[in-house]
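Once you scroll down, you'll see the structures, which are given as structure tokens.
In the two assemblies presented below, chain A is common to both, partnered first by chain B and then by chain C.
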Partner chain A sequence: MPGPPPLPFAALPVFWLIGSQLVVAALVLAAGRRRPRSAVIVSAGALAAAFGWLAAQVGTITSGGVVVEHLTWVPHLGVSLDLRLDGLALIMGMVVTGAGALITLYSGAYFKWGPPTARFVGYLTAFAASMLGIVVSDNLYGLFVFWELTTITSYLLIGFEDEKGSARAAALQALLVTGVGGLAMLGGLVLLAQQAGTSSLAALLADPPGGTVTTVALLLVLAGAFTKSAQVPFHFWLPGAMAAPTPASAYLHSATMVKAGVFLLARISPAFHTIPFWTPLVVGIGLTTMILGAWRALRQHDLKLLLAYGTVSQLGLLTALFGMGTPAAVYAGVAMLLAHALFKAPLFLVVGAIDKQTHCRDIRLLDGLARRMPGALAVALAAGLSMAGVLPLFGFVAKEAAFEALLARSPWLLALVAASSALTVAYTARALWGAFGRKPVSAQADLVGAKAGGTPLFLLLPAALPAALGLAFGLLPGLAAPLLEATVGTAGAGALKLWPGLKPALGVSAATLLAGLLLFARRDAVERLQRAGHRRLLAKWAPTGEGIYRRALAGLNRSADRVTAVVQSGSLPVYLGIILLTVILLPGSALVLGTALPRVDFGGHWAQFLTGGVVAAAALAILRVRRRMAAVVLLGAVGYGMAGLFIVYGAPDLALTQLLIETLGIVIFALVLFRLPPYFREARWRLGRALRLGVSAAVGLFVTGAALAVGTASRPPPVSAYFNENALSAGGGRNVVNVILTDFRALDTLGEITVVATAAIGIAGLVTGAVRSRRKRQEP
Partner chain B sequence: MNPFLAVVVGVLYAVGTYLVLQRLLTRVIIGLGLIAHGANLLLLLSGGDPGEPPLADAAGVVSGASDPLPQAMVLTAIVITFAVTAFLLALAYRDWHDTRSDEVEDDLEDRRIAALAAREGRR
Partner chain C sequence: MKHRPSLIAQTGLRIVFHTLVVLSVYLLAAGHNAPGGGFIGGLVVGAALTLVWAVDGPQRLRATLPLPTFTVIGLGLLAAAAAGTIAWAQGRPFFEAVAFGLDLPLFGKVKLTSVFLFDAGVYLVVMGMVLGILVNLGEEVEA
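Right, the complex of A and B next:
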């Protein structure tokens, strides 16, 4: 696709939006170790600047504009860095940079400005760059590259505490699950690009292809989106990823990276949701994940795990909304996505602060923190009520929009989402009560929290800002509405209202709130029911994704071990035999199946038969002789016979060279064999004689067939015509072969001389080393 | 294409392979030499039927000649084969000098890895 004329790098703001973060990440990782404060300030500053630039684009984007940039990368493959900033990219980019700046500040305090700070912040900034890349990529391959970069940075962050085996295992699990999904997605993207004839995402969506291949491609892309956004049955890696330090969990595993999958759905779903399988599959998976995540969140005692299962549930809802693909659903989905970032990140940050102050995240043990950490309580309340969807927070507004969109589709969908909302209310209450409430004193519980200090400013402020924003957007939905409208492109697709009026959706909201509170009030009974259900049904009958992952990984390792045990015998003949058998089986079968019978022509000069016969006879005789020197003489006979063939074939240069080299070769052979015993000793055979004979005969047959096929195959006009015509005029010589060697293909000759020189150096080393060691042996 | 010479190529490869699959280093070297001859002949045959030597006349015209490109390649190959053979012979000499044997022993390190893997695989 001929793009606009290339611009100077300075005039590419979106490119620099990503590039600057990468530069900062490299700088911080290289030089930040001793200056953690500077590292945090530089990283947070760069992210804040990026946020500022994005905020400055709001006017352009909401009035319908897009910022587009093209940078050609690999033109032959259609790979280029096509960047496109539209409404969806803008809102996601602002989440990435805004949350990034705040969480970077938080990380400084979280690590107490110690040595790990810079490494952590560096990874975080590198991740921010990759995530921005996903958000603004308009090229399918560029999108994939950034997608995998987030997988890698996520791996580094989950395994940040690399001295812990559990953290390393969790990091590997996340890497493998999302990596396998990413590979599937790459296959899907390649197919899509082939089908559409373009690798531009915008062009693809403007004119979506159809047909079976497209269906397969979309299924593969969905595999990538589902693994990344932790949908059933791939959801298990996300709770595992809670091994990461809490700031990373807040940033990657709730606010941004896990949204990449649903972000991609939001991008492509409007173009593909009319394909029959799309809505049932995507909405089905999304709703299952939503219910399952919320149900399991209700069972957790670790605050981070509770929040993580909550994230799984919310991601399921987002998947379902985006999977419907209608403007109203996408509109509600983006609102939910924004709301989730605004409430989930602060909740994680508060949990991180609690963890820092009490070294505990277990809701059975935390006690009395409401009085000790009032600031954290206020933030958690604002964020938690938004999560539960309580008036007047943004979570409520977004949920109402989602209810409206679902109700328009089918009351059954609404019923499911309402059920999950009730569970959400219940687990939110459980988390808030668990973190801050008073616990009944019991014998075995060792309560903590009574002596916790207050919350440091840098642990509180980054959590308070988004929570406050959730309140502001809730009270004044008009603030967020224009941006959301820009993401769907059509005005009036949906509406954000603080007070929706007495409509069915509001009734559903009230009902879910009541049901959720009831679930919380009877939490002991619920817990018993859950435990019994898990023991009786799930643990026995349902194959979990995690179980399959474990078994697959163990099986892979075991089969690799078995293959190694068989293949790695240490015997050179066995290794060579395997290589040769592969040659016989693969190209050999292609030769047998794919070649027409060669045209046989028994004509030829009598000298061909004579010399050829001598060569073959001498070669075969080598098999029979037991004397080393006799074998060498026969090898010489083969060589001289070759020289005869060269003469017959009109190649005097070759004949001359062959004669000289063969003579020299025999001399060297004689020099070495002079030291060795005269007869070959029969060695113990590992590979049976019959087997060796069979392999050798098969190789001989294969090569004969190949030689015949080469002679029969139709050939393009040989390049030699050019050499013949230009040997004298361009090369200044009449012997064409010589001119080729010294002029047309002189680089080949240079390579040849290099090989000879290298061999000479090696020989000198081997021989002089032997002499030296002999002297040493004689000395004492 | 002369099928007889194709068979000669096959014989060179077959005998060479048979020798290479053994453990005596000198035999392996002779086998490699035979395979190299076979490869050279294969290259030469791929150039088509025999012809006059590719030499230009005073006007720079070449006529009735065999294909010069395979010849140039074979020439390069002959020299490289010689270098490699000489190196292998030096290796055989050194091996004999140090161990009084020119047998290619099994790689013990490889065997240890295989045994380890077999244990892991059974577990």
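Right, the complex of A and C next:
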């Protein structure tokens, strides 16, 4: 695909938007351990600068412009780094960078500027870079790469407290669930790119393909989006991910990463929502998730879990809105997305502050914090009321827009969302009361909070800013409106109003508020009902996603054990036998069936008979010797003979390599032989000897035949001609072998040296493991 | 197995070792036009290290090259991958060869290519691999 002419690196601001974060992350991880304060300042500064740059683009984007950049990567596969900053990317990017900068500051205080700070902040910044990559990627494959990078950084952050088994398990669970979804998505993206004939997202959406293949592709992509955004039945990983330190929960698992799925929906839904299955499926899943999350949030006692189920519920609503795909729904969805980031992140941060001050997150035990932490209370109220959708906060404005969009579609949808809103009001009240309210004195529980000090500035300020912004956007919706309109592309798709007038949507809002407060007032009854319902119905009948995950994982481990027990018998002769038999059976049979007997040409240089004779003599001698070391030396002689043949035929590079490999090979063999008995052992049973003889003879015949067949059967014009002609002009070198290795086939070589490196790691692991287990055996 | 240094071997090593190292660098540098290259160069320097290990023992080997194995290998992989991104940085496909002239004070005009960086990476990885084998398998022989 011919893109616009390449630009020098420096002139690619969007690329550097991501690149600078990656550089900072590497820097912080490498050098920040001793300097937590500098690490936090540098990371937060980089994110704030990115935010500033994005903010400077608001004018361009809202007046209808886009910033587009192209970087070629693997042009033949259509893989490139195409970056495109449009309205949706801008608003999401500002959430990522803005929340990132604030939460980075917060994490410094959260970790008390201690040693883990830099590692945490480094991961966080690396995550921010990947997330920005998702947001601005215009290439399907580029999108996937960044998508998986967020999965990996999320894994590192969930398992940050890696000394805890539960944190490691939660991290693995999130990694596997979102990773499987990501793989499905990759399949879907490849199919989509094939169908559309382009890997550019913008081009794909401008001219969406149709047909069965596209349907399958979209289902696969949806699997990726649903796992990432914790939709039913994959929602369970998100509450589990609360094992992460609270700043990570606030950032990844409420404000940004879990939005990646709904963000993708917002991107592609307008182009595909007319496909019949799309709306019922996506909206259905979204609404189910919404109700289920809100319902389960009402049952939680851990503040973080309560908020996490709340996030699941809100993500469900976003999925439903974006799934409808109409401009009005997408508009309302983006407003909700922004509102959610502005209220959920502060709530998490306040919970983190409470956790730091009291070492407790259980709403049954927290008591009287309203007086002890008034600053935190103010922030939590502002954010919580926005979450509950109370006038005049931005959550209310966004929810009104959503109600309007739903009402236009179907009153039934509105009824469901209203029900979930009532639940939202109830769990918000539960969270606020749980964190700050006075608790009745009970006998069995020790209430905490009486001794809590105030909230440190850096734990409060990062939470206060977005909460205040939620208030500002609520009072003056005109501030946010142009940005939102730029995301939909058409002005007038929806309107944000603080006071919508006495319309049905307002009535619904009031009703949900009342119903929610009623649910909260009767919370004991609700809790009893939930517990009974869970015990009677769900626990018995409904297979939960988590249960399926557990069973699948256990089954995988079991079958892996079984397969390993069969395949890895631990006997070298068996391994070797299996490998050699495979060689004989597969390529060997092809050789016998496929090729005519080649004519053997014995002509050539006289020296080849000499070296050939040496090789043959050494090979025969190996059969006679009894000492392993002697066999190795003779094997070396065979190799040197081969090197001689290479010289005779004018391949000095190969000869040199062969000589060196043989030399080092003998040394390495010697190292291993120290561990083996000095003499070969006779095979004990006769059948075994016969078997070995048969296999050896067959392999020998096969190799000889293959060498002859390959030498004569190269029908298509060999690629070597191309290499010979172009080595100097294109590769800039006269040594063809080297030019092939380092230029024409550089990517292959990179793969090969990676294999070499992996082998080195493997050797180190094997040896250290062996030494350790031997020590263990000797110690007791 | 107790290590007994041999005077002849040790004297021989003094003569051969540096020659081998220089030869390996020459092979690396000359590789693009004459026989040689990063792989062969890496093997030659690996052979030199093997001699140190065999003659002077594992302790001296570690003193000769005080870098951990994985640092060497990691640097090599990094260099090779970085070579690919040079062309990228100029807006051309990944791993396209890029040549640039350089004026060095003593050597005069030197033509460097991204391929050289790549080959240097291969050199380091191969050297690290040999070193790793010696350190890991060789250590235990002594124990």
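We take it that the second predicted complex is superposed on the first by the 570 of 780 C-alpha atoms of A that agree within 3 Å, B and C clash if a C-alpha of one lies under 4 Å from a C-alpha of the other, contacts with A are read in each partner's own complex, and residues count from 1 in each chain.
Just so it is clear, a contact is a pair of C-beta atoms (placed from the backbone, for glycine too) under 8 Å apart; a residue touches a chain by one contact, two chains touch by 3 or more.
What you see is a predicted model, and the numbers here were worked out from it, not measured in a lab.
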| item | value |
| --- | --- |
| Which superposed partner A:763 touches (first chain B, second chain C, both, neither) | both |
| Partner chain in contact with A:71 - chain B first, chain C second, else both or neither | second |
| Which of chain B and chain C A:152 touches, first, second, both or neither | neither |
| Touched partner set for A:657, first chain B, second chain C, both or neither | both |
| Touched partner set for A:750, first chain B, second chain C, both or neither | second |
| First, second, both or neither for A:573, with chain B first and chain C second | first |
| Touched chain A residues, chain B compared with chain C | B |
| Touched partner set for A:625, first chain B, second chain C, both or neither | neither |
| Partner chain(s) touched by A:667 [first = chain B, second = chain C, both, neither] | second |
| Overlap of chain C and chain B interfaces on chain A (superposed complexes) | 652-653, 657, 661, 664, 668, 672, 734-735, 737, 741, 749, 756, 759-760, 763, 767, 770 |
| Chain A-touching residues of chain B, taken from the complex the two chains share | 1-24, 26-27, 30, 33-34, 37-38, 40-42, 44-48, 50-60, 62, 65-69, 71-76, 78-80, 82-87, 89-94, 96-98, 102-104, 106-111, 113-115, 117-118, 120-121, 123 |
| Residues of chain A that touch chain B when the two form their complex | 557-562, 564-573, 576-577, 580, 598-605, 608-609, 612-613, 615-616, 619-620, 622-623, 628, 631-632, 635, 638-639, 642, 645-646, 648-654, 657-658, 661, 664-665, 668-669, 672-673, 675-676, 680-681, 683, 685-687, 692-693, 695-697, 699-701, 703-704, 706-708, 710-712, 718-720, 723-725, 727-729, 734-737, 740-741, 745, 748-749, 752, 755-756, 758-760, 762-763, 766-767, 769-770, 773-774 |
| Complex contact set, residues of chain A against chain C | 5-9, 71-75, 652-653, 656-657, 660-661, 663-664, 667-668, 671-672, 674, 730-735, 737-739, 741-743, 746-747, 749-750, 753-754, 756-757, 759-761, 763-764, 767-768, 770-771 |
| Residues on chain C engaged by chain A in the complex (per definition of touch) | 1, 31-40, 43-44, 46-47, 50, 54, 69-70, 73-74, 76-77, 80-81, 83-84, 88-95, 97, 99, 113, 115, 118-119, 121-122, 125-126, 128-130, 132-134, 136-141, 143 |
